[in-house]
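For reference, the structures are reproduced in the following blocks.
Okay, so subunit A shows up in both of these, paired with subunit B first and subunit C after.
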Partner chain A sequence: MQMPHIIWPQWLPFLIPLIGGIGVLLFDVFSNPESSRKACPAGAVATCLLALIALYKVFADVAAAPAYLPAEYPVFMISQFSRDCIGIILLGAALLLTLSPRGIAGKNIRAGEYYGLFLLSVLGMMLMAASVELLTLFICLELASLSIYVLIGIEKSNANSGEAALKYFVLGSFASAFLIFGAAFFYGHARTTFLISESHQLVIQGIAPYIALGLILVGLAFKLALAPFHLYAPEVYDGAPTPVSALLATGIKVAGFCVLAQALVELRRWDALDQGATWALVLLALASVIIGNCVALVQRRIKRLLAYSSIAHSGYLLLGIVVLSDVAQVGTPQLALTAISVYLLAYTLMNVVSFGVASSLGGRFEEELSNYAGLAKSHPFMAAALTVSLISLTGLPPTVGFIGKFYVFAEAAKTSYIFAVAVAVVFSVLSAFYYLNIVMKMYMQEQEEGAPGVERTLACDVALGVSMALILLLGIAPGLLFWMM
Partner chain B sequence: MEYVYSGNIILAVLLFAIGALGVVWRRHAIAVFMCIELMLNAANLAFVTFAYSINDSMAAASGSKPLDGAIIALFVMTVAAAEAGVGLAIFLRVYRQRGTINLDEFTLLKD
Partner chain C sequence: MLIFTYSMIFAITIVSALIVIVSRNTFYSAISLIVTMIAIAGNFLMMRAELIALVQLLVYAGAIMVLFLFVIMLLNLREEEETPRSLMPRKIAGLLLAMIFIVQAAYITLSIFNIDSVRDPIVLTEEFNASQEKRAEETGVNAFAETLFTKYMIPFELTSVLLLAAIVGAVAVGLKEDKRQAAPDAPQANLQ
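Moving on to the complex of A and B:
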């Protein structure tokens, strides 16, 4: 048996988070808590940024032809789209790690465990976004999920954190079981576990492979918090430490959508999709948009509201994905893929800022929405950052949220499911009520007497400032996006 | 495709269904976790059966290797073990804090 020949530079973007994550864990063991509290976050942020640079250096020319890894048994594929998705995951993770020291301060969390597991779960998401084989997908998903289960319950003195971890663990492994069972039947019928293969055509006949793909979709839809598989999201986001909620809302969703989009492009290439599959996706998208937006209207806690808003945004994104599977849609999928990656970038930045403001202010600002009354007076910078991200979440210009939504809806309107786009537009107008309600609270209402102020830290200001600048800059000059990607 | 070993596949589907119903009905976290393990093992049974029924020429035609499925079952078992490690640690941590792991009693986060 010949050992696979491995070309090291190609693995560099994935090796860096692996070495960084294990390094941070080990550093914590051999140093005192005080120094590891300072060094671990710095090391973790540096790891993510290094990996981001390595990713774009190593895979600079994948636009022409995707890179397959490893060459003998290509279970990972880096196309332009998946490279950009991995880049978005790393950018979001770097920003969240910068926000984390303030977010977990005073919560009796050991720094090495937190940052080490954070990096390992980011590694899982990166690999998941690149994987094109079902077993690899399952293992990478589990790597991301297992680290996240621990991260959710890492706040030992907080009963909410433990409850959230328990719920997410039970439902998450339930969903993984669906995914692997679907993979088994896919293997039985297509006789391969490769969704995308460079050399072989995927042959799908009869109804059974669609049931298998449906089971896999159920497993993924859970991770993407699509209605009706979203029930865990508000509770888990509310109970988890805020930077971890943000990672749940951004990283794992980006990875999941990347897998879904690439699989659909491939299935359509082999003409293996019928109208029924597309309808299932349209219904999932509509359910998420409607349920997410309607239930968000009545939320009183900030993280629950953001959870429902992220469910609604998953719905908008899935509408963009539908374009890829629509049989009536002709031409290359490149435009739709670009629209989706722009939206994913916008979505990640907006959620980093809105969760980031909650975690930087901390305490009561992670709870009831009414605590945000008068924030503009006491913390003008935080209020401004939150306002920008909420306007972007609503999808108003001049923010990147508008650009993303516009591209995705414009692509989706080309398909025969234009009514779904109409519904999504109506509900995204509805979403302005609950997003702008927070803005109104911050600027128009008076603060309660005697509410204590919160000290600011430089790291939080930098992370929020960078994300806010990106949201506005890319909103005003979207051409920069294409120059960057 | 014809099922060569349809008995095994029916058993796998049954095991999966029993596991899924158990997750929905049982309220004790350990029992729920056992049901999830049952679902994973149903997938393993299906993988091994399919691997046995796909012969070398079929595998070559679709780009996979013979016995891929049997090896996948080993990986799934490994992942299940890792999952058990993390899961039982979470149960223990919650039990120490709350004195119960009955899923119905976790209502702190309900709105």
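Moving on to the complex of A and C:
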């Protein structure tokens, strides 16, 4: 009897979140609520950090050649790009888990289920970013999504939370059906379910491959909240507990973009793309940028505003992806992939901070924007953190948001779709209005009389401080990024 | 003997399927749908497709039918009222679809058996059985289990993680409010 492949060290970064998730669930069963509320978040954060270290130790040199996770049926591949994406997912998850105890305090949420499902969802995202086969991709996507459906609705005393969960569940299942239908067409045409493979080649002939790739794109575009598949996003982000909204905005999008980017690299290697595919992506990107930015202008609730901002950012990211699919483009896609991973890191950090400030302040700060008036006086640290992240979201130096946007736009400007870049730049200038509006409120308006203060916790300060420092540090010295990755 | 068993199962399948459509009581329809599902599983069994028969029993006769019955009982459906609209267009459409189905089924059956002239059905079934016997070895439960637990082990185990998340999620969503879990700093007002 041959030993199972699962004990090989390459599986370690994925086994840690699995064991951690199940461990947290079991710990909650055998301990009293008070101690599990303290120990579960600590265990979950430690799990993510351990997995992050293991990932970079085990896959230290995948830059030369991608490594398959050992298995008889090799469905998971770690390339440099997917390793960095998984690292970003884990970093974001660790920061969000640190913010979570404050984020879910006083909301009548059971700690064991929350942290256990959070870790299982992160595991799903990690595996999704690594998977090269459509059925496994589907299973991983469902693992990530199912856990998130529950996390959104886990606050049972809040009706909005339940409504958001149901909405995301119904629409998300529908989107998954598109993905699986696309996979069926793909199999029917290519006789393999491997999206990325060294031995198979997809030949575009007839209409079946277009239907297949189109349906898969629709399924992914829903998870990435790209316009016109974004309609669920504002309500779901607004209803979910804030750390979960942040996970929705960061983790699953990073995983989705990783899959999309790798699939496009592969399709271009096969010469299986034509002008039409690129145009579809350009239109999706432009629609997201325009709709996201314009609708964000009129939002009055912080989480809805951040939801529309994340739709706009998905659009910018997709412009980077367009580079990969552009047929006229020659040379290796490595530069564009690096630009995308830098942007994904920047995007994750900025969203962690902006959602994190809302969740650490809690209560009314998760609702109306007008509550932020005068925040700089009552909570100078929170106001500073939010300011840095908003400046970064706008894309101004000296923040990592500027570096990310600069790289992605510079890459996209090399293609023949330079007009799309011009539109994106114009709209990203427009975005300064609603981002800096919050900064203006915090620093230049007076607080309402009698508004109660909010107590600070060390964990939140540490998580926000680390993310803020990373945003500034990588913005000032972007060379560090390449040393890190 | 074999032909007798075949005929019995076919008859049960068709009769119970007819009852599903004809019966006016929703509950009777659901029960005869279960019978149909079990009879179809029997059909698969006769064709030596044990695995599909098993899955048919587990998934359709088990899980899906329990779901149906729950919905019927929860919604407390009454006998369907007589619809005043004319049923003529529906009847014509139904007949047309049935005819298309019969033609297709006949075409497939004839092309499988390669019938030039009418032959003895008993000889035919025995020939068919012999070919099925051989195929059963390749596609039976053993062969299936072996691939599932060796080649496809990792996707299979992943599915179990997925199911774990689903079960924990279902419990987390369905659990009653736990009084001792209410955080000390929880605003008690919105627990009501």
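In this text, the second predicted complex is superposed on the first by the 473 of 485 C-alpha atoms of A that agree within 3 Å, B and C clash if a C-alpha of one lies under 4 Å from a C-alpha of the other, contacts with A are read in each partner's own complex, and residues count from 1 in each chain.
Quick note on the criterion: a residue touches a chain if its C-beta (ideal position, glycine included) is under 8 Å from a C-beta of that chain, and two chains touch if they have at least 3 such contacts.
Worth saying up front: this structure is predicted, and the values here are computed from it rather than measured.
When both complexes are superposed on subunit A, subunit B and subunit C end up sitting side by side without clashing.
Of the two partner chains, subunit B is the only one that A:180 touches; subunit C does not reach it.
Looking at the shared chain after the overlay, A:156 reaches both subunit B and subunit C. Vertex at the C-alpha centre of subunit A, arms toward the centres of subunit B and subunit C: the angle is 10 degrees, rounded to a multiple of 10. When the two structures are aligned on the shared chain, A:105 is found in touch with subunit C, with no touch to subunit B.
Shared-chain residue A:146: touches subunit B and subunit C both. When the two complexes are overlaid on their common chain A, residue A:33 makes contact with subunit C while staying clear of subunit B. Taking every C-alpha atom of subunit B against every C-alpha atom of subunit C, the smallest gap after superposition is 5 Å. Counting contacts as defined above, subunit A residues 135, 139, 142, 146, 149-150, 153, 156, 165 meet subunit B in one complex and subunit C in the other.
Note for the complex: subunit A touches subunit C at residues 4-6, 18, 22, 25, 33, 37, 71-73, 75-76, 105-108, 110, 113, 116-117, 120-121, 123-124, 127, 135-136, 139-140, 142-143, 146-147, 149-150, 153-154, 156-158, 165.
Touching subunit B in their complex are the following residues of subunit A: 135, 138-139, 142, 146, 149-150, 153, 156, 159-160, 162-167, 169-170, 173-174, 176-178, 180-181, 183-185, 187-194, 197, 199-200, 203, 205-206, 208, 234-236, 238-239, 299, 301, 304.
Only residues 150-155, 157-159, 161-162, 164-166, 168-169, 171-173, 175, 177-178, 180-183, 185-187, 190-191 of subunit C touch subunit A when the two sit together in their complex.
Listed in rising order, the residues of subunit B touching subunit A in the complex are 1, 9, 12, 16, 19-20, 23, 29, 32-33, 36, 39-40, 42-44, 46-47, 49-51, 53-54, 58-59, 61-64, 68-69, 72, 75-76, 79, 82-83, 86-87, 89-91, 93-94, 97-98, 101, 103, 106, 108-111.
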